[in-house]
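Starting off with a structure, shown below.
Chain naming follows the written order as A, B, C, D and E, and within any one chain the residues start at number 1.
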């Protein structure tokens, strides 16, 4: 049931503890908008919506990365070990795993899937990455697979098989997919659940709601890997607006709410005191991996001048941005790494090396900003805008219109730049156009999060800004949209690439790269991202919180399996 | 048909086809003028969830090729025309391999059901209110009350919708919050299902009706005032006709003609105009689908929906032109 | 100007076609109205015989199915701007229905002001006023009383008189008067008919007097054409025709004229 | 007989009418309506003199303050502030006129186009009609939203007028069709013939003779276009496609919605702008109704 | 219908005053008018245009609409005062007891309803639903009574000529066989042939129904043919009333005399008798002139007071 006004035999809203379907169901908020193709269950095509239950209930990952500890936990996989050069990786999966139709899940399926990606076109998810890294894949025995890479990659397991942010590479059953065109296969038959290994099966799918029922014959329970999860039924419900989400959650119609603003969360908690979040007090939220940035197009004058970029940086008041755009629910960022303990170590390295003193990135100093601008030949009369050769100093900041958080901080940046005499305007664009402009370099400034990727090690985010990713304005590239070229930086990052994770040798090239980056400041980290998840404890407890931090609380990611297995009915305690 | 000459009908139908072609062509080129690219948009969407998509450059290239987006525009245009003529809208670009036809088919009944019904309701309610505002015999109490009902129109209906949600859903808990029907029921002609559709539809319908009623009422009032002085009304009164008969068959019947045109013209606007209602109430209709398609630069879905819109609007306009002489026998399409 | 007649109707035919049904409103009607001397030509006929259609055609409000209307030898359908203005200036009208001809938005004054302005009759405001007052005086009205009224405040007869005044004001060469007296009382009718006579004699204005009231035609008409089912069935000097009708329909028409004597009733002859 | 021998049946002392007829424009509804709209305009314009309008910018004030009479409120921000630190009073002062401006630009532009094309199509007929009808039909079918998304990608900075013009670009088709239909049934009216008889130029016939009689209808349409334009603009703003730095009432309202103002009990955030919008709308409605009475002499003097 | 003493007139109008509100003050369009209409009688109501004839007609039916209003007076019909009863009481009596053929019937038909529907409306409102065939029969009969072809049944008003519309109105008026018919210039748009037919039909029907009729017009010749008594209105007053013979033979009021003198004739062409007249300003309040009886049932207004002096005919 759901929002039906007490109808349909199911207990009405607020019928806490009354047993019935509601008490055995966990209802998740799905906030990605309506799913217009609920009959598409092909995880290999990019248009497929994975987080409406697919990778939380149907498909299980091989490993799950715990952001709190930095450890990777085995799930379907038992181990994934590299050789000493990180070029040959051996995957071992558990014994006794079965697909939901009873067939065995084994090395053949994995080899089949990887080969599908290797041999098919680049249009499949992860196909490009596999083609790039994997030379060959072969079955060793029923539960072991050997990956031979083209070149060393110490992050092979982390990046593709461990739910590093959001999801991971999906292994598909060979007996179902054999002979199908992987780009066109829908993998859906009305009335039947798509075949995967998870403890739930799909029972209904509509653009606004997905329902899954627990499977008694889940392999994990049979093999003793884990008992069946307690929830008998899972639902993902689309709520179009934050108000609706809060309304539903106030009414105990949602057990988990994703991505709330602080104000909404506070009013939700006022209505429904059973609601908890990661932190009991402000900022409530869990740090999200994608640091918020203010990108300046390094290919466009005057922002191609590093001093001008620094001038802009001095005009920024990050504390004010946090206070206003985030209403105090996050912290300013001084580097583009997310706020996780493993990454914090790297930022501390920069600190210790005195680089933040040399390049005082967090210093809000409007006068310095003006001084730099004036030193570039700009003049300003009174409170007007700076001009040079009759041309106004202006910048247009693009922000995606459907992403409130982003345009809110863009607006504050706009005001701050206005204050120092830069005519900054904020333009909200439809997501597709915004992204396209960014990729093609058709922008002056943009509010974005394109340094995303590193969560336990520095290389991934840093390599995004290597010179080799730079393409001319008008050509598309999803990395280094700011079009920053610096060969010293690129060289240092390449040195990190091949070192095993956690290798002490990383420190030197890392600091070298960080120094160059800070000096050039191709884009400005603004604030750390936060994801505010709210959980209703009326029916279920066991949610991930900082106090019980067995995992990050990201229920829309593929790591949700672990949380779902942790949930307990409230009244059963 | 009365008042119609064959020549007129032939010309009118020719215009009908021409308009469809012109609109369809515009809708082919307009989205392609924007910098957005459907595949890029798709990648952007994934990036906003996953942070980063590796190898997205190749991904984009591969899909562009698959969709023929790299073909010369003319080739794309011709295949577009072909697909429109055969009503085969192809695959969604953003959710490949979902078919556009299926997506539209899923959304259409809701749009027709909710939006068309409430548009017609608001037309009727507004027209009656407008008529009563202008009618001499309207009781004094109503006279005071009627203009008040128009103040709803003065509230942007997003606010109206939210206030409705707030009052009826949060506070009074009379209606379900969102969606088109209770999802534990499967669509069909069962009592429970119909009941839940009605329950879910009431608030969105109410907000549309309240918000747009005033415009109809104003237009109607204006026409009623114009009609009010006509001699035939005096004769009707002399005939001792019942006041309501006069109101409906003589006054409203004459005053409503231009309103009907407005209604028909409005039908085309229904989908585009109510994106926000659907959004606000989580209603699974075409407006929301269109909005998603636009922001995802999903050309095929956009084209599919717009083509349907074009067809409905142009057909409605054609029909009104052909039927108008029946409604208003004075109109004749004879060449002057 | 050429010596071609002021107005010539050349085998005018008008067929209304509707839902497959054809109504021949005018059937090959020809008519010539010379520039001088000014005459009053009566078109009489039963209701629906095409009188208004003929007047519409002459005024250029309807296009003929075939035939031509010539103003000074030129087809009125294809006049250049200047000639068109002359044509409008020279051929004016008084309509059958005095109710619709006033724009309800404006005061009565509008009708006169427009005419004065459009045809450049006056050079000053005062002169315009004077002209208007003059015209009103002819129909027994005063500007102060009517000019600032709205049309709906006037009776039918008042409106008709005003139309007459407007026509007088313009002093055209020809006035097509479609039932100008059907809505006025007897005394006004005399007044209006008298105005017509005066306009003819003093101003040399010709009239195409469309009526079904033969007694008035008898009083003022010079020539008469009897229309019957779209064609002219009889024409000639008014008095001759009325005194001695030849065509069967003319006879019926004339025998139906009411006799203004309560003691001499209509003979209850066999009527349709 | 001497026609000049005039006999007057009665010669009453005929004073020229000294009682000046009360002007039809002195219509109560019209005045009240105009008063409301002008009131908003004047108040907000005067407000500029006394209130710092830069407070309408983000980050200029403390966040989320209630109006001064509520606990936590302050006279420094008498109507409270919203969640980006904008002062509500300043927002109203800046937003009121810009909102009116949107309405007027949309109303005037779409009506002017609608009237010109509608009259041309209805009165001229034939090929002109066919062309105009095809144009307007085409314009009717294109979803405004699609075009706006495209345009917004090209306009460097959307200002209020640009946005209004864009809205108007798609708002003319409706009025055109409606006016055309009216003209079609009006062109055989007696006074139109009279005007033709007076050799009035076609444009005078259309605009001086026919149009005044359509005034009630046009007024309603115009007001509809104005308020429709404001609503459309609010809708665009809700979708983030409006001007950014210049606050309008619509932008404030849509910010309130995206900022969960209702949930958070921050009624002043959406309440005040809505109130001003309502005053504007009701004012516009009253003007429309009043115009009816002005245009329709039959209604004059009849009690309200 | 009620059976009262035959001396009781079918309709009695007394003290009727109707004003129109205008921006320049009230127009007194009907100034204290009295007259009676005998059973079976035809009363002609003639007068200058603008003298208030139509206003009287409308007031009798209580159809005066703003800015006009009935200020005083009563209209006795069948023992009840039409002006005093409630709207609900009045409605069923309209058309059944008293019908109207309006002036300007050009615009009196609803443009969007077919002729048949408009006739049926009148019938069914008062007599309830009727079987289709019977109704059709009846309507066709009514149309034939006024010499309209059967095809008119299915036509819309704009497809009729002026005369046809007027006849449709007449057919409508006689549909319920009312006791009183008020005909406001019923034949002014008709050619003489049809006029005669229609007029005679009207009289015929009237006679058959034994109804009474007020025939408003300005065609004195037609009046002479049709009416029993005649009332002459001038500037809102009835200035002379009497049998048609008396009034024609011995017109007393200067205006009446003028009216009769100006009747055009087809027997001889005589000079038009023209008088330029100025109606008094109807906005000024004026006493209604006392009536003097100059013969049996022949009343004339004291011209010194009311209409003023009429000079000698020219």
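One rule holds in what follows: a residue touches a chain if its C-beta (ideal position, glycine included) is under 8 Å from a C-beta of that chain, and two chains touch if they have at least 3 such contacts.
These numbers were taken from a predicted model, which means no experiment stands behind them.
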{"item": "Shortest path length from chain A to chain C (each step joins two touching chains)", "value": "2"}
{"item": "Contact-graph separation of chain A and chain D, given in steps at minimum", "value": "1"}
{"item": "Farthest-lying chain, centroid of Cα atoms versus that of chain E", "value": "A"}
{"item": "Most distant chain from chain C, judged by the mean position of its C-alpha atoms", "value": "A"}
{"item": "Gap in Å, rounded to a whole number, between the CA centres of chain D and chain B", "value": "23"}
{"item": "Distance from chain E to chain C - Cα centre to Cα centre, in angstrom", "value": "27"}
{"item": "Distance between the centres, which are taken as Cα means, of chain C and chain B, whole angstrom", "value": "53"}
{"item": "Geometric centre distance via CA averages, chain D-chain C, whole Å", "value": "46"}
{"item": "Contacts with two or more other chains, residues of chain A listed in rising order", "value": "241, 243, 247, 401-402, 430, 433, 437"}
{"item": "Multi-chain contact sites of chain D, meaning residues that touch two or more partners", "value": "3, 14, 17, 21, 149, 153, 239, 257, 262, 296, 298"}
{"item": "Residues of chain C whose C-beta touches two or more other chains", "value": "18, 97, 99-100, 142, 145, 152, 194"}
{"item": "Touching residues (chain side chain B, partner chain A) in the complex", "value": "34-38, 40-63, 66, 92, 94-98, 102-103, 106-107, 162, 165, 169-170, 173-180, 182-186, 192, 195-196, 199, 279-282, 284, 288-289, 292, 294-297, 301"}
{"item": "In the complex with chain E, residue positions of chain C that touch it", "value": "18, 44-49, 52, 96-97, 99-100, 137, 140, 142, 145, 149, 153-158, 160-161, 179, 182-191, 193-194, 197, 212-216, 218-220, 239, 242, 252-254, 256-263, 265-266, 268, 271-272"}
{"item": "Complex contact set, residues of chain D against chain C", "value": "3, 14, 16-17, 21, 189-191, 193-200, 209, 212-213, 215, 295-298"}
{"item": "Residue ranges of chain D in contact with chain B within the complex", "value": "125-126, 130, 133-134, 137-138, 140-147, 149-150, 153, 173-174, 177-178, 181-182, 184-185, 216-217, 219-221, 223-224, 227-228, 231, 234-235, 238-239, 250, 253-254, 257, 262, 270, 274, 277-278, 280-282, 285, 288-289, 292-293, 296, 298-299"}
{"item": "Interfacial residue positions of chain E with respect to chain B in the complex", "value": "58, 61, 63, 65, 91-96, 99-100, 102, 104, 107-113, 121-122, 125-126, 156, 158-159, 169, 172"}
